[in-house]
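One chain, chain A, appears in both complexes that follow, with chain B as partner in the first and chain C in the second.
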Partner chain A sequence: MRLSDIALWVFTIAFFVFMILPIAVVVVISFTEAGYAAFPIPGWSLKWFARIFEYEPFIDSLITSLWLGVVATVASCLLGIPAALYLSRARSGWATAITTFLLSPLSMPMIVIGFASLFFLSALGFGVSFLSLAIVHTVICLPYVIRTVSAVYRAVPPAYEEAAMILGASRLTTFREVTLPLIRPGIAAGSLFSFLTSFDNLPVSYFFGSAQTNTLPVVMLAYMEHQFDPSIAALSTLQLLLAVVALVVADRLYGIEKMTVAT
Partner chain B sequence: MTPTVNLSPGARRALLLAPALIFLAVFFVMPLVDNSARSFIGEGGFTLSRYTDFLTDSFYLGVIAETVILSAAVTLISVLIAYPVAYVLVRKAGRFSGLMIFFLIAPLLTSIIMRTFGWQVLFARRGLVNQWLVTDLGLLDAPLRWLNTPGLAIAALVHVLVPFAVLSIASVLQGVDRRLEEGALMLGASRIRTFFEVTLPLTVDGIGTGAILVFMIANGSFVTLVLLGGGFQTLPLLIYQQFNTTRDFALASTMSTILLVIALACLWLQLRLLRRQGV
Partner chain C sequence: MTMNRRRFLGTTGATTALLGLSGLPLRAQGGTLNVTAYGGVWEQAIRECFVAPFEEKTGASATVSLGGPAQWLAQVEASPEQPPLDVLIMSPDLAVLAAEGDLMDDFTTEKLPNLQYIPQEFTDACLGKGTYFDYGVGGITYNKQIVSEPPRSFADFVERVSSGEFIASVPSISYGPTTVFFLWALNNALGGDVDNVDPFFEAMAKMKDNLVFWAGPNDFFNHLASGEADLGIYFDGRTWNHVDEGVDWIDFINPEEGGAMTAVAIQKPKNASDLAWDYLNEVLDAGNQAKFAEILNYGVTNTQVEYSEKLASRVTPLAEANLPPYADIARVRNEWIDRWNREIGM
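== the complex of A and B ==
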């Protein structure tokens, strides 16, 4: 091995230590026996996981967050899949412009989307409600569905659908029997991404906080402002577990590299 | 009669695109326009006074400068760290590349709260880092104060954003034709010269895409700064404070409009770069 290669590897390993250490520390602390959050831990216990279920706001907000993730994802699929199907086959300049527009919520500062939507939706009479949250979350989840479904559909040769139609299948049958099965991995991966984005969102949900609409990240933030105990670590560990399982599933369905490359 | 639906291409297009377009027009564009409009409306109707006040006030000019400088610093550090890592990922990692990608993406899926919590634990006064430095390595006599320092806040932002830079640079590095580098080496260029005169120029677009992406996200982030401190006064942080405590919503609208303009400028730059790459 050349010296420069060794230097590169040392740097890379240091980089991954930097990336993983703050996360690993939280995972370890979630199993602590102590009543405070410090590392290293004096002994192992599961009591902080039990504490999650004793503290009502955690459970209430967890249920809100789960529902919100599901509703925003379903809405994003209903709105996003047809658009993605059309745009991946369109070649004109304005189709590119529309794609850019549909993906643009990803590029706008979340805090501005949240703040602006609160006032706008209140003026419309939706106020601070689950419906308002679901609408804003759909705005930020929609791009993920469109991006993943388009990426998968672009790779599908149009010949399959043409063959089905030449053989006499109607557009609807072709869609159901040919297109849908082919883009299913994209829908699944896009949905997972959308769900995780919604579930994890703090900057937008923050503006829609109330007893009925507090999401888990909002409650965790409020909790952290007053207490610094390991229950936040336990919750974070559960969340990470959920995300890693989703990531492994998405990788099986779709291939991990394709999800991240900016398109 | 079979109910065959024979829509014209135009109608089909409208039907497929309309739901998403209308939804975003109503619930994404209109709130942003409405929000900006609020900053232009005063007691006597249309006014530019909020902007003239804002842009002539040295405090607020400082805030804009600090927002941009902080994002630029985070971007620069992220790109400098990301390049060697992306290089190893594409050129050297071999069978470890899958593992590396996993460890790049896994942090992207952890909540901002979890990472912040981790930083607070590591860098607490009696935290792991101080313990290493003072007790284990004996490098310091007394524990350092890390929390609420600008350095730690920047490190935490880099931690959030650097994976985006690595992935952008890696995707461009992947497309570099190795024969060009081999050619340079065969013609007698040193490895270092080959890197700086062949590889690096060929990946400038990837660096640009990654940098804009990082800059854009850094510009809007505030949760890290709220929780880790650092004494920064940035636009997102001030919007958050206006909403929470001061409740001067017109001022918050003005600041969000300025932030939005910066974001739109970044988006425009990003599109130009992507078009050049032919994506």
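== the complex of A and C ==
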């Protein structure tokens, strides 16, 4: 093995250790028996996982976050897929402008989107509600669906759809039988990113938090500011587990490699 | 498009589900009060000490919204005619801001009989549109296993940290209350005032090689637990909470000059439900406050409260704490932050 290969191996291992170690520390702390977060831990216990289920706001907000993630993802797909299909094939300058506009939430500070949306939606009468949260989360999830679906669709030769239509298929049949199967990896990747973006979002959800609409990150922040126990570490471990499970399921269904190649 | 039975049921179901989830925009409703609380033990104490007696006496119900003052104030500002919250828990500086913005109702003893037991200066500090109900004091928390002779005053703290005897963990400017319980308090102790913060920045320049900064209260504890710092500037109540959780190696000192009182204010937004007055009166009740103090290890403001023996030895008496001039600090806060960013940077 050459020296440069050894150096590359060392760098790669060091990089992964640097990335994974902080997460590993949080996971280990979630199993501590101590009443405070400190590393190394004095002993092992599952009591902080039990605490998650004892503290009602954690569970209520987890349910809200899951619902919100699903609603925002579905809405993003309903709006984003047609937009991506049209904009991918359009040639006008307007199409570029609209694409940039739809992707703009990616480049704006989330806290600005949250603050501005609170005032805008309150003026429209939606106020602090799940509907408002769903609208704003859809806005921030939309770019992920548009970006991934567009990337996949651009790689699909128009000839496939043209051939279907020449053979007599209607637009709807062409979409259902030809386009949809071809863009499915893009939809899956976009939906996954969209759900995880919504599920982890704090800055936007923060402004729409109430007893009925608090999401898990908002409750975690409120808890952390005035409580010192490691239940947040336990909750983070469960969230990590959820993300890993989502990725594994996506991999089994569509193949992570196919998704990443497509995007 | 024709609307067949299946499509009608599907559309109706989806709409109902969405509206059901939304609960429609949150509004102050007749028999339900929307109150606020910080998370964790705070929320549980609010439910136990204030919400439960309120519900018992009025027959109304209250929902508790978790979060923070900036979030709640923004929500009220966005809908001042129909505020989504009926009672706000506020930091003193935002309480002043909300009062100056004419977003809050006046507090009077006619509406709140228990207000007569709260020192007038706390209501004045909220410009008459709120009052303080709970307070902590910022002082010196130290690791007993390392620091056998802790500094007893802010001046002593500065000297001994400057000389390298201790590594101190102090709050960074990214933590909201820093300008009050650290900057103002230390500056005040060293002879400065709101319009002259040179003593504070000179002290920081002297200590700079022996300081680490905490961005959130949990960081401070980690600094002490990991040995990164020996002592630092922290709150009395939080220190006692750590002790009660089994951390037997930390202790707290209120500096001789007096630490800054960091209070928690309560306010009622204009146009919020009148039921809020009943709830607020429960918050100011001596018995309820005593119970609240026992859970949180913080002082409370009703002068009729009698603390348990354990808590009496922990709570910093009101007379030994300094009430910061929050309205004056709000006027110069941006200048202080700008100077901090230029000279300290953390």
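Observations, loosely collected:
The rule is short, and it goes like this: the second predicted complex is superposed on the first by the 228 of 263 C-alpha atoms of A that agree within 3 Å, B and C clash if a C-alpha of one lies under 4 Å from a C-alpha of the other, contacts with A are read in each partner's own complex, and residues count from 1 in each chain.
Keep in mind that, in the parts below, a residue touches a chain if its C-beta (ideal position, glycine included) is under 8 Å from a C-beta of that chain, and two chains touch if they have at least 3 such contacts.
No experiment lies behind these values; they were computed from the predicted model shown.
On the superposed chain A, the two partners chain B and chain C do not both fit; they clash.
Looking at the shared chain after the overlay, A:59 reaches neither chain B nor chain C. Legend: residue contacts after superposition of the two complexes on their common chain; A:224 is shown touching both chain B and chain C. In the superposition on chain A, A:170 makes contact with chain B only, while chain C stays out of contact range. In the superposition on chain A, A:125 contacts chain C only, with no contact to chain B.
In the superposition on chain A, no contact is made by A:156 with either chain B or chain C. Chain A is touched at more residues by one of its partners, and among chain B and chain C that partner is B. In the superposed pair of complexes, A:238 makes contact with neither chain B nor chain C. Contact with chain B, but none with chain C, is seen for A:20 once the two complexes are overlaid on the shared chain. Legend: residue contacts after superposition of the two complexes on their common chain; A:214 is shown touching chain C, with no touch to chain B. When the shared chain is aligned, chain B comes close enough to touch A:78, but chain C does not. Note on the superposed arrangement: chain B collides with the chain C stretch 222-230, while the other options among 42-50, 78-86 or 222-230 stay free of clashes. Overlaid on A, the two complexes show chain B and chain C touching the same residues of chain A, namely 37-39, 115, 119, 123, 207, 221, 224, 228. In the complex of the two chains, the chain B residues touching chain A come out as 4-5, 12-13, 15-17, 19-21, 23-24, 27-28, 30-32, 34-35, 38, 81, 84-85, 87-88, 92, 98, 100-115, 117-122, 124, 126-128, 159, 162-164, 167-168, 171, 191, 209, 213, 216, 219-223, 227, 236, 239-240, 243, 249, 252-253, 256, 259-260, 263, 266-267, 270-271, 274, 279. Residues of chain A touching chain B in their complex: 4-5, 8-9, 11-12, 15-16, 18-26, 29, 37-40, 78-80, 82-83, 85-87, 90, 98, 100-102, 104-105, 107-113, 115-117, 119-121, 123, 135-136, 138-139, 142, 146, 170-172, 196, 200, 202-203, 207, 217, 220-221, 224, 228, 232-233, 236, 239-240, 243-244, 246-247, 256-257, 259-263.
Across the complex, chain C is touched by residues 34-39, 55, 57, 67, 71, 115, 118-119, 122-123, 125-132, 134, 206-207, 209-214, 218-219, 221-229 of chain A. Within the complex formed with chain A, the chain C residues making contact are 18-19, 21-27, 34, 38-43, 63-68, 71, 74-75, 77-79, 82, 84-85, 216-218, 221-222, 225-226, 238, 241-242, 245-247.
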